[in-house]
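Pasting the structures in now, so scroll down.
One chain, chain A, appears in both complexes that follow, with chain B as partner in the first and chain C in the second.
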Partner chain A sequence: MAQLNALVGGLFIITVFGIISVRQMLGGIRLFVLQSILLAISACILGVVHGSIHLFVVAGITIGAKGLLIPWLLYNMFSHEIHARREITHVINIPSSLLIAAGLTIFAYFVVHPLLGIDSTPFIKVNLPIGLAGVLLGAYAITVRREALPQLIGILTMENGAFFAGISIAPNMPLISELAAAFDVLIIALVIGILTRKIHKRVGTTMVGKMVSLKEK
Partner chain B sequence: MELLIILLIPLVAAVLSLIHTKKGKFAAAMTIIAAFSVFILSLHIAIYPHSGMAQNTPGIKGWLSCNPLSALILLLISFVGLTASIFSFGYIGDAAKKVGSGGVRRYYARYNLFLLSMLAVPMLSQLAMVWIAVELTTLFSVFLVSFEETAESLEAAWKYVILTCMGAAFALIGILILYRGLTIAGGSAFTWSELIAVSPNIPPLFLAVAFLFILIGFGTKAGLVPLHTWLPDAHSQAPSPVCALLSGVETTTALYVIIRLLPVIKVIPNDYASMWLMIFGLVSVGTAAFLLLQVTDYKRLFAFSTIEHMGIILVAAGLGGQAAHLGVVYQIMAHAFTKSFCFFAAGAVLLLSGTRDISSVKGMIRTSPLAGVCLLIGGLAIAGAPPFAVFLSEFSIISAGLAGGHYLVIALLALFIVIAFCGIMYRVNKMVFGRPSGCCPQGLSLPFTCRLTLLLAIVPVILFGLYIPGHLHNLLRLAALSLGR
Partner chain C sequence: MPEKILFNVIQVVVVMLFSPLIKGILDRLKERIQSKKGPSIFQPYFDIWKLFHKDEVISDESSWIFRITPYVVFIAPIFVTLLIPVLTDYPLFFAFMGDMLAGGSVLALGGFFATLAAIDTANPYGPMGASRTRMVGFLAEPVFMIVFFTVSFVAGSTIPYIVQQAWITPFANFFSPAHILVILAFVMLIIAENGRIPVDNPSGHFELAMIDESKGLEYSGRGAALMKWGGCMKFFVLLCIFLNVLVSPWGLATGSSLWGLFCAIPLILLKMFCFILILAFIESSLSKLRLFRITEFLGFAFVTSVVAVIIQILEL
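Moving on to the complex of A and B:
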C-alpha cells in the first residue's frame, strides 16, 4: 500500500511540473483533472489503510468537484479561442522554470524534514513533502504565468497540494469542513472565471500579466 | 443562539436584495435595517461579558462561540457594516445610472454576503471553518472591488483574488500541520479552546512551522509586506463604502486569526514567535511609511496607512505582556473606527471632486466644509495626533515596549510612525486648505445619507480618544487577558 501511495505521489508531482511547463490552456485543465484524480486515489489508499469511510467520501467529493464540475465550468465559461490559445511568453523560459521548480521541491522536503523526524508514517513521509511542493510550485506557476486561465490553474494546484498533504496529516477532519472546502474551491473557480470573462470583455485580453497601470510612480 | 441569528440576518438580506422593485431603493433600505439589527445584537454580546463572570458567550457547542476578543471584533465589523451600508445608500445610488438597477441589487446581495463571511470569522470555533470563512471574505468581496468595472478596478480585483487565494493555500497547510500537532498532543476537537488547552503538549517544531505558514498566509490577507501589493490597489479602486469595510475590518479579521493564536504560539521556546511577529511588523510599518511619502492618490494614501497599522498591531503582539496586549486590542479598535471614517471622508471628497488625484484637490474646506473638516479630522486621527484614539493606543504600545526593554524595536517603530505622520498630514493639509482649485463643480452637494454617515462615524473617532465607556473598557481588558497564557 505504501509503495502504491508513493507511486501516486510521484505521478502527482509530475502533473504539477506539467502544469508549469504546459503551453496550451486546454492541456493545463486536463493536467489539473488528472492531478485531482490522483489526489482522490491517494485518499482512497489512505482510507483503506486507516479503515475510514471518511476518506472515501473525501475522494468522492474531490472527483465530483475538481474532476467534473470545475473542468465543466471552465470548458463552458470560455470561448474555444481562449482554450486553443498557446501561451508563448513565459516570464522565465521553460527549462529554467523546471530547474527552479526542482529546487522548490527540494526546498519543500527540507522544510518538512524536521517534522517527519518527530512523527511519521510511510504515508505522511510521501504526502506531506509532495503536498507542500505542490503548494510552492503552484505559487511559482502563478508568478511566471501571464494569462488568466493558467493563473487560475495555479491556484487550484496550490489547493490540491494542500489537500494532498491534508489527507495524510489530518485524516479525521470533520466531514463538514471537507464539504465546505470543496464548496470553497468551487467558488474560487467560479469567481475567477467570471472575473476573467469580465476582463476579457472590458480590456479585450486575458493577459492579466500585462495589466500594470496601478502602481506607485 | 444570538450568534446564529447574527449570521442568518445578512443571509436573508442577501437573498431579499435580489428582489426586483420599482424604485430600486428596497435593497439599500433593507441592507441598512439588517446591518442595524446585526449591530444591536453584537452590541448586546459585547456588553454581556461585563454582567457576569462568563468569559465565553455560549453559542452552539463546538461550532459557534464568542470570547471577549471575538466579541470586540464582532462589534467593530457590525459597526462599520452599519455605517458603510448607510453610506452606500447615497453613494451607490449615485452610481446607479452607470451600472443599472441590476448592478445595484447585485451590489447589495454581495455586500450582505461579504458581511456574513466577515461576521462568521470571529464566531466560528473550528479553525478549519475559520479558514474557509476568511477565504470566503475574499471571494464575496471580489466583485465589490470591481464594482465600477473599469480596467483599473478589474486589475485590482484580479490581483486581490489571486494573491489572497495564494496566501490562503499557505495558511491551509499551516492549519493542517497545527491539526496534526493537536492530534499528537491528544486533542480531539479542532477548536480554539481545545488548541489552547493542549498546546503545551504539541511538539514546538510543529507549532513553529504551522505558525510561519499561518503568518504568511493570513498576513497576505492582512496586507503585510512583502505580500501587500494587492492591498493599495484593491482598497483604492473599490467603491468607498466597500473600502471602509475592506480597510477597516476585513484586514482586521485576517489579523484576528493570527492574534488569537498568540497564547498557543507563546509555548514555542526562545521567543520564536515574538521575533517573527516583530520582524514582519516592523518591515510592514517601515515599508508603508516610506511608500506613504510618494503616493499621489488619496485613497491609496489611506490604504498604505492600513498596512502601517497592521504592522504596528503585529509589533505590539510580538512585544508580549499584559500592557502590550491591551495596546493590541486598543489599536485594533481605534484603527477600525478611524480608518473606516477616513474612507467615508475620502468617499465624500471623491463624490464632490470626481478625482482621486491629490494634487487636483485643493481647498476642500471652502468647497464643502463638512467634507473638508472630516478629511482633516480623519487624517489627524489616523496619523496618530492627540487627542484621538489612535494616539492613545500607539502611545500605550510604545510605553509598553519601553517598559519591556525593547528599545531598538520601539525606536524604529516610533521613527516610522513619525515619518508616516508627516506623509499623511502633508497630503491632507494640501487637500483641505489653500485656494479651491476649481476641480469641484459648484452646487454639488453630498447625499443626505453620506452626511449622516460622516456624523455617525466621527463619534467613536473623537469620543474614544477622550473617554472609554466602562463596558467597552471592560471588554478591551478581557480581550487583552484572553491573549495571554
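Moving on to the complex of A and C:
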C-alpha cells in the first residue's frame, strides 16, 4: 500500500512538472484532470488504510469537481482562446524553469524534513513533501505564465497540492470543510473565468503581464 | 568456465542475427499503422546483403578516420553485448570486465567516431547532422548518468547482472516510484538516442531536417552495410539494457543448460516485440519536434530522473 501510494505521489509530482512545462493550453487542462485523478487515488488508498469514510468522500468530490466540472467549465469559457492561441508564453524558457522547479522540489523536502517525527507513517513521508512541492510549483507556474488560463491552472495546482498534503496528516477532516474547499475552488474558477472573458472581450488578450495600466475609455 | 565463454559468444551471435529483424518489424508495424502495406520484415537483411556486394567509393580527400569508422561503429555494440545480460540472468564470463558506465562509454565511442567521420568528408550535410547529434547527445548524457546512478544506488552495484535482480526481489520493488520514473526517463532516452520520432524522423529523406541519418550519407558498399548493421545492433543493445536490466529480468535463462539458453531467445524477442508495439504507437501518434524543442523534451526526461533520485534518497 505504501509503495502504491509512493508511486501515485511520484506520478503526481510529474504531472505538476508537466503543467509547468506544457506549451498548449488544452494539454494543461488534461494534465490537471490527470493530476486530480491521482489525488483521488491517493485519497482512496489512505481511506482504505485509515478506514476513514471521509477520505472516500474527498476522492469523490475531487473527481466530481476537479475531474469533470472544472475542466468542462474551463473548456467552455475559454474555448475561443484555447483554439485561437494554442501556445502559452513563458517568461523564463522551459528548460530553465524545469531546473528551478526541480530545485523547489528539493527545497520542499528539506522544509518538511524537520516536521517529520519518528512516528510518522510512510504515507505522511510521501504526501507531505510532495504536496508542499505541489503548492510551491503551482505558485511558480502562476509567476512565470502570462495568460490567465495557465495562471488559473497554477492556482488549482496549488489547491491540489494542499489537499495532497492535507489528506495524509488529517484523515478525519470534517465533511463541511471538504465541501467548502471544493466549492470554493469551483467558484474561483467560475469568477476568474468570467472575469477573463470580459477582459478578453475588451482588450483582446489575457496576457496579464502586458496590462500595466488600466484602460479608461 | 568454457561454457560461460560459449554462452557469451552465443549472446553476440544472437544480437548480430536478430537486430535487423527487430528494425524490420518496427518499420513494418509503423507502415501498417499508417494503413500502408509496408516492406517485408526481412528487408533490413536484404539491404545489408545487397550493400555487401556493392563496390565501395571513398573520397580521396578523406582520412583514415573515415575508413575505420564503420568497423568501430560495428564492433562497439558487440563489446557492450559481452557486458550486459541478453539471454541469461547470471553473470557470464566477461560480465565483470566493465559496469554499465563502461558499456555506455563504449557505445558513445561508436557515436563519437561516426561524428568525426561525418565531419571528415566535408560534405555540407555531414557536419550539420554531426553537430545536431552532439547537441542531442550532450543533453541526453546527464539523464543517462542520473538513471544509472539511481539504479546503482538501489542495487548497491553498477554491474548490470546484479542490478536486474534488485527490482524484483521482493516483487513489490517493481512498483516503487523510483523504478517507474526511471523507466519513463529511459524510454525518452531511447527515443532520443536512436533518433525516433518526437526527436528525429528515422524514415525522413530530407537532408536539412536530418539528425541521425545524415552522418552516414557518404558511405557506400561495405561501409554503408556495416554502419547500418551497427545502428541496428546499437538499438538492439539499448533495448536489451532497458528490458532486461531496467524493466524486468523475466524470461531469461536461469540454468546453465544450452536448451534453456535457446528457449530464452524467443522470449526475449517476444518482450522486444511488446516494447516495439508501444514504440510504434508513440511514433505514430506524435509529430516531430522542432530542433530547439528537443531541449524541452530531454529537460523533461532529466527532471523525471531527478525526481526518481529525490524520492529514492530523501524518502525511503
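Here is the rule we use: the second predicted complex is superposed on the first by the 204 of 217 C-alpha atoms of A that agree within 3 Å, B and C clash if a C-alpha of one lies under 4 Å from a C-alpha of the other, contacts with A are read in each partner's own complex, and residues count from 1 in each chain.
Simple rule for what comes next: contacts are C-beta pairs under 8 Å (C-beta built on N, C-alpha and C of every residue); 3 or more make two chains touch, one makes a residue touch a chain.
Because the structure is predicted, anything quoted here is derived from the model rather than measured.
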item	value
Simultaneous placement of chain C and chain B on chain A, clash or fit	fit
Which of chain B and chain C A:Ile14 touches, first, second, both or neither	second
Of chain B and chain C, the chain that contacts the larger number of chain A residues	B
First, second, both or neither for A:Ile94, with chain B first and chain C second	second
Partner chain(s) touched by A:Leu31 [first = chain B, second = chain C, both, neither]	neither
Partner chain(s) touched by A:Leu104 [first = chain B, second = chain C, both, neither]	neither
Partner chain in contact with A:Ile70 - chain B first, chain C second, else both or neither	neither
Contacts of A:Lys125 with chain B and chain C, given as first, second, both or neither	second
First, second, both or neither for A:Ala6, with chain B first and chain C second	second
Partner chain in contact with A:Ala165 - chain B first, chain C second, else both or neither	first
Chain B and chain C, minimum CA distance [Å, superposed model]	19
Residues of chain A that lie at the interface with chain B and also at the interface with chain C	none
Contact set on chain C toward chain A in their complex	172-173, 175-178, 180-181, 184, 295-296, 299-300, 302-304, 306-308, 310-311, 314-316
Of chain A, residues touching chain B in the complex	111-112, 114-115, 118-119, 131-132, 135, 138-139, 142, 148, 151, 155, 158-159, 161-162, 165-166, 169-170, 172-174, 176-177, 180-181, 184, 187-188, 191-192, 194-195, 198-199, 202-203, 208, 211-214, 216-217
Chain A contact footprint on chain B (complex, rising order)	126, 128-129, 132, 135-136, 139, 142-143, 146, 149-152, 154-159, 161-162, 165-166, 169-170, 172-173, 176-177, 179-180, 183-184, 190, 203, 205-206, 209, 232-233, 236-237, 291, 294-296, 300
Complex interface listing, chain A residues touching chain C	3-4, 6-7, 9-11, 13-14, 17-18, 21, 23, 94-95, 98-99, 101-102, 105-106, 109, 113, 122, 125-126, 129
